[in-house]
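Okay, got some structures for you below.
Across the two complexes that follow, chain A remains constant while its partner is chain B and subsequently chain C.
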Partner chain A sequence: MGYPSLESHLPSTHAPLLPPGTFLSISDTQASDGNFLLHHFISNYIKADQNVVLVGLAGILVHYTIVGRKLGVNLATARTKGIFQFVDGLTQLTDYAAPNKEYIAKPAELKLTSTTSTATPPTLTVGSTGVTRIARPAAAAAAPPAPPKVLSYSPKLVDLYRALEEIIQDTASKASGPSKKQLVLILDDLSVLLNCGWPCRDVLALVRYLKLLVAKFNGTLITLVHADGLMAEEVSQDGLVKGVFYEADYIIDVRGLDSGGSRDVHGQLSLLHGPGYLLRQRAGQVKENEWPALTLHYKILDNNVEVFAKGYSSGVL
Partner chain B sequence: MSSFKKRVPSAQASLPAGCRLSAYNGQVLISTGVPSLDDILGGGLPVGTILLIQEDRQTSYGQLLLKYFLRQGIVAGDKCVVVSGDESPEAIVRSLMGIAGEESLESQVQQGVDNRDDEDEERRQRRKKAASASGGAAEDEDSEQDRLTIAWRYSGLKKFESGVEARPPAISSRVNKAGSTTEPALTPSQIPFCEQFDLTTRISAKALESADTTLIDSGELQKNVQAGDSDLEDSDDEFSSSGSASVGRNQPDLYRNVLDKIRETLIQGGFSTTLLKDPSAPAPAPGAAGLAERHICRIGINSIASPSWRSKTPHDLYKFLHALRGLLRFSFGAAVITIPAHLYGTIDQRHATDGSTTSPYIHRLEQLCDASVRIESFAGAQTNASSAASAYHGLFHVHKVPVLNALIPSSTKLSVLLDGAAKGSGGPGQSGSGGSSKGVNNLGFKVRRKRFAIETFHLPPEGGVGQRRTSAEPSSSSSSSLSERKKSSGTKTSSNPGPATGSFKKAGSEEEGSRPRSLGMSSTSNNRSTGQVDVHSVPGASGIARKMMGLPPKGIQGAVASGCSTGGSGDGHKHNHAGGAGGGAGVNSSLLDF
Partner chain C sequence: MAPILEKIMSGKEASPFILVKDTLEQSGQVLGLELLSNSPSEKAIVDCYSNPLGWVKDTTSTSTSSNLNPASDNITTTTLSLRNIRKATKVVTDVITSQRSNFTIYFDSLSQFLIASVPDTFNLLRSITALLTDTSRIIAIHHEDIPDADSFLPDASSKPQASNSLAHIATTLITLKSSEALRQDQEDFRRGTVAVREFSYLTVNGNAWDSAVCEVEHKRKSGKVAKETNAYHQGSPTGDLTVVNVWDVVGDLPDIEKMDLEESQTSDPAANLSFNLNLTEEQRRAKNDTVLPYLKTQ
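Let's look at the complex of A and B:
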């Protein structure tokens, strides 16, 4: 179950999951990477047998699979079961990667190459002429799961949204059985979109659209964005962070300690209320003390993260 | 011969040449050519990652690191892709360093001499020689001094190390090589992970011949693109109209061209696992044997984003890095990129000396790379930190270390330099506590005559021990000297109560003279006014004079006074301060000679 010590501080209504229809925005800095929080939610949702759609704009599938193994979830089997979808937003996202297509192996030969080294297990890409082709995983057979979908370059972010919409609808429709499943859409790193040349306005629009889309499917949106204080000087970067925060229900701000590095405390987590939360609170939809705003310290271990109140690190006590 | 045999893991055999597995997360690592940098990165640079080196000003240590990386690639038989705009890539390859002791290999192996000589190593040799010449007793003394003499209870601790040594080279493989010079090819397992290089020599012509390099001159590329404006522009049309700052249409997209070349090299060399040279052909069955013959593609980019790199839009470099990362993640390749970061950012940022401040532009680049380090050489520094730390050539800042396939970067577990817990006295139990990704230690680098090394940065003891001893007064304030002082102070009181003029040296001596003068006052119980002058003259003296005296700056002044007063408790009420000095002379003088 993710990180137990963090779990007690998160919204408790749907524990260990987030309340559906909400948007959690995670911001981090370079000194303290917030990626570990994503692993928490991925493993929680997978263990609860809910749908996860992960868009890897900075990380690759292998990374999430290996870390998932450390946290006790098997993402490979989750993929074959169809509850975990990985979308590759790294290899073909920019126009620079466009000529890749002519070299991509045909799907028929992909299976031959599927057992290579530990360093770069073949997370193979599927070329497509249009936006993104949906490759359905083979139904629960022993065959290896189909390669992840790829977000390929398009000058308009709308196309990216359409691709994601298709994937989410696909995932949700598959899961609509007797028990309605929750869904979580995780965007690995929103700052990448900004860095790759899309204007801040468009990225924010994408976030808003995705939030509404996910809410339709009883889901939750989680995004990660870099919010170094240094970059607040840049208008677009600052605008992105503020804009994303404005959309959010919950905010987790990860940053290093003000006093510098420490061996026992890697950084601090600020659990904050977003405007969405306050709106719902006013409407009386939020239980008392559902998400107390507070600041915690954390320390990352090999396969766990310890979250504790300020000053309660093992180095102190 | 012991019956124990070193077990060679079978996985090791299937690794590409010159690689090793990370002890922490099983990542395939290649060496950067600098053992200490490998240590910082957690054993080596993981295959499939990008290391960004922010260059130093006015010196070229950044390029030196790049050269190490490429040279190590040539040793391992890797493919080297060199991209450069300012300097021709050919010149970079030609100026690579040689391998340490390549020429006189045989003799050294026979002698068993370790050829990693540093200055201090040489010095030690010299000292030994001198000692043996002067006689056995002297040598004994010398060796006694070489040993730790601070306290007996520290002698059980391991030797303090500020740096990381390379593993001793596999002598056996070298003997083989030297014995049969006709066949230079080593088996992959014999290629050292990190060879030892010698900055005083150049790469041999033979090594240069056998090196598998691809040179991309971005300056040339730019000219070509400009001359024959190609079809690229048409495909870019749509993009430039999509809202981002569109520059003139006739500007070539240099970064795209460079990336295309790199991609082509990766694909043609078969380094990519996803992109095949010939998609229609069946993929070759990858096995352990095929992997052992595999090589790594090392991409070295010199001074990217320098003024000679023209970009079409401000986002070119970001897109380039993002695409390169996507390419490398699925390839047997790694990249080291140097960037003149000091060209970006505001004035105060450029002059900042702490590692935290970089410009937003560079900061965003760091997000797109897996590891980022910054070199700050003292030669190019605006501050005069160099005078304080003459043993180093500059500071080495680690901004980001690769964290792949794990929650925490492997360097927090394995690195000695970043975080002493990994190998220090704490032991394995302690190492579980890890460290922050930024590291705890400050790092500096030295360029010795033959090699580049990163070490933990310490300031030397202020002034140095010897200096302090010579500048201060002999601490043996016996009664005879006291009486002499009395005399001198007596003359001074009569002649001149305000001796704050003159040179530094003089001022210092005056101070030293005037301080004991108070002793004289006390014994003769002179009028209080001169005593007052004495007290006031100490803060009135110039700072340097205070320093030369070794006087404590401010707060300890009170301690001196209190020490005096307690010492002279039996003395008169009025001359409490001065009178105390008589009894507290020992205290006082010891503080002076500190």
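Let's look at the complex of A and C:
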């Protein structure tokens, strides 16, 4: 489990996973980074042996690996098992990487130098002392996981969608069978696409297309977007946050305390009801109190995050 | 007298174009679906949601995010891309003309069209309005906090706001507000303090399922405009909507005159003191008769 104190506040129908076919939007600010919530879900899905596709638009794999280790999850092992896929959306996404394209080898062009997995029989050798030794061949080196897929620059966001669509369909087809695995697609974070120059309308369309695609395979979509008050004056940024909130079924808003910084409380996270949740309630698709709207406080520790009711910090009591 | 919202919902007040303006804080989709539920049962779905930019070539038609009963017999579905709203206009008008003359067209929401092109959206509405009969109507949800296509332009301030223009052409304008937010404003007003609220896109009070406040502006054919603030209430998340008085949901407004009177009738501050600040009748007479120095020279 990721953060035990957060678990009781999340929908319990499919705990510790999110209900399939839903979309969780996480928003944060400069003062309070909401990235820690993504690690909670990555950890939960991997420990439950479900499929995770993580698109790192703002971070590299090493970052998630280090944090995952603190939560007791080995992302390298998960990648080897094929239940965790990392998509690099940071290093080559913009045309700044385009001039250096010839110097960066794409994963498809890399030749794997690891040995094959076919076993070779042991050979008999007779030593000078007459002792027969069975020389066993060196154990075939464990095949390393395939390098992460890299999203290359394209002026059209539809190409990014098509790349992700291929990955999702491939993952879902492998997951089908007697032990049908759930899938979660995590985008970290959406504001990067806006900052890289794609129009707000296209980014919102991408979110919708991915939401519908993932829902088709009974998966869940989780996104992170920045929702600072200062950036609300910019039309694109404001439109992106509102558009994503309108699409979301569940919303978690992470921001700093109104009163300023504190040693024992690092910020507040609010579980919110968006228009999508209201419609699902109307259609009878959610249980009563499945997702109560409330504000909690949190404190980030070295290998855990404590979530507690407002005013109940251990530093206060 | 029945609230105006109830009359509009039951069809007693005719309105060819009902515009429901909502925000993230209080969604108007529940009210919109309730208004739609009184329309004829034959439905046609134009799906502009699944493939808005035409990225997917082979889409299977899906129903919109409303809770229409998929088991209903007479539902035809057409999937449209919003890359070309003029083409979409042609498709929509063809669907309308193929239906019966008394139709109801429901937009959920107009913001998807407005973010593509404002003039084309208004042309779409004009084309549909031209096909309206006495018994047919348009119901549209408009998220007024979503920017439209013109907002992204550098000269956005010089262009008319789509939201205002829509309010002009609508015959009924219903603006949704969160009842809990209004209730808190009332409390602040009673206490005489206004809590400073930090910026957030959505609060924990947003989208409460049990009630919402509706500010209704209804233009009748006679030219008279009825303006009322009503509310709706639901007994359960899936229950029926009941139109109620706004004070039943938000609470009574504090009576300002009554508050002033109560304040003035508070206990005398000069009572229970160790010294006497009052004047006797004789002292008051002597004070009034005192001639102040230098008065005659003024």
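Criterion: the second predicted complex is superposed on the first by the 280 of 317 C-alpha atoms of A that agree within 3 Å, B and C clash if a C-alpha of one lies under 4 Å from a C-alpha of the other, contacts with A are read in each partner's own complex, and residues count from 1 in each chain.
By definition in this document, a residue touches a chain if its C-beta (ideal position, glycine included) is under 8 Å from a C-beta of that chain, and two chains touch if they have at least 3 such contacts.
Note that the structure is predicted; figures quoted are calculated from it, not measured.
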Clash or fit (per the criteria above) of chain B with chain C on chain A: fit
Which of chain B and chain C A:Y246 touches, first, second, both or neither: second
Touching partner for A:P199 - first (chain B), second (chain C), both, neither: both
Of chain C and chain B, partner touching more chain A residues: B
Touched partner set for A:G274, first chain B, second chain C, both or neither: second
First (chain B), second (chain C), both or neither touched by A:A283: second
Which superposed partner A:L185 touches (first chain B, second chain C, both, neither): neither
Partner chain in contact with A:T91 - chain B first, chain C second, else both or neither: first
Touched partner set for A:D302, first chain B, second chain C, both or neither: first
Chain B versus chain C - smallest C-alpha distance in the overlay, whole Å: 9
Residues of chain A contacting chain B in one complex and chain C in the other: 199, 202
Chain B - residues contacting chain A, complex: 21, 25-28, 46-48, 235-236, 238-239, 241-244, 255-256, 259-260, 263, 267, 272-277, 279-280, 282-283, 285-286, 291, 313, 315, 318-320, 322-323, 325-327, 329-332, 357-358, 360, 363-364, 366-368, 399-400, 403-408, 419, 421, 432-440
Sites on chain A touched by chain C in the complex: 27, 158, 161-162, 199-202, 204-205, 208-209, 212, 227, 229, 232, 235-236, 238-239, 241-243, 245-246, 251, 253, 255, 258, 270-279, 281-284, 286, 288, 293-295
Footprint of chain B on chain A - complex, ascending: 30-33, 35-36, 39, 60, 62-63, 66-67, 70, 90-100, 102-106, 109, 112-113, 115-120, 122-125, 155-156, 189, 191-192, 195-199, 202, 226, 228, 230-231, 233-234, 237, 256, 260-264, 266-267, 299-303, 305, 315
Complex contacts: residues of chain C adjacent to chain A: 22, 24, 27, 29-30, 33, 49-50, 52-53, 55-56, 62, 65-67, 115-116, 143, 145-147, 149, 151-152, 156, 196, 198-209, 237-238
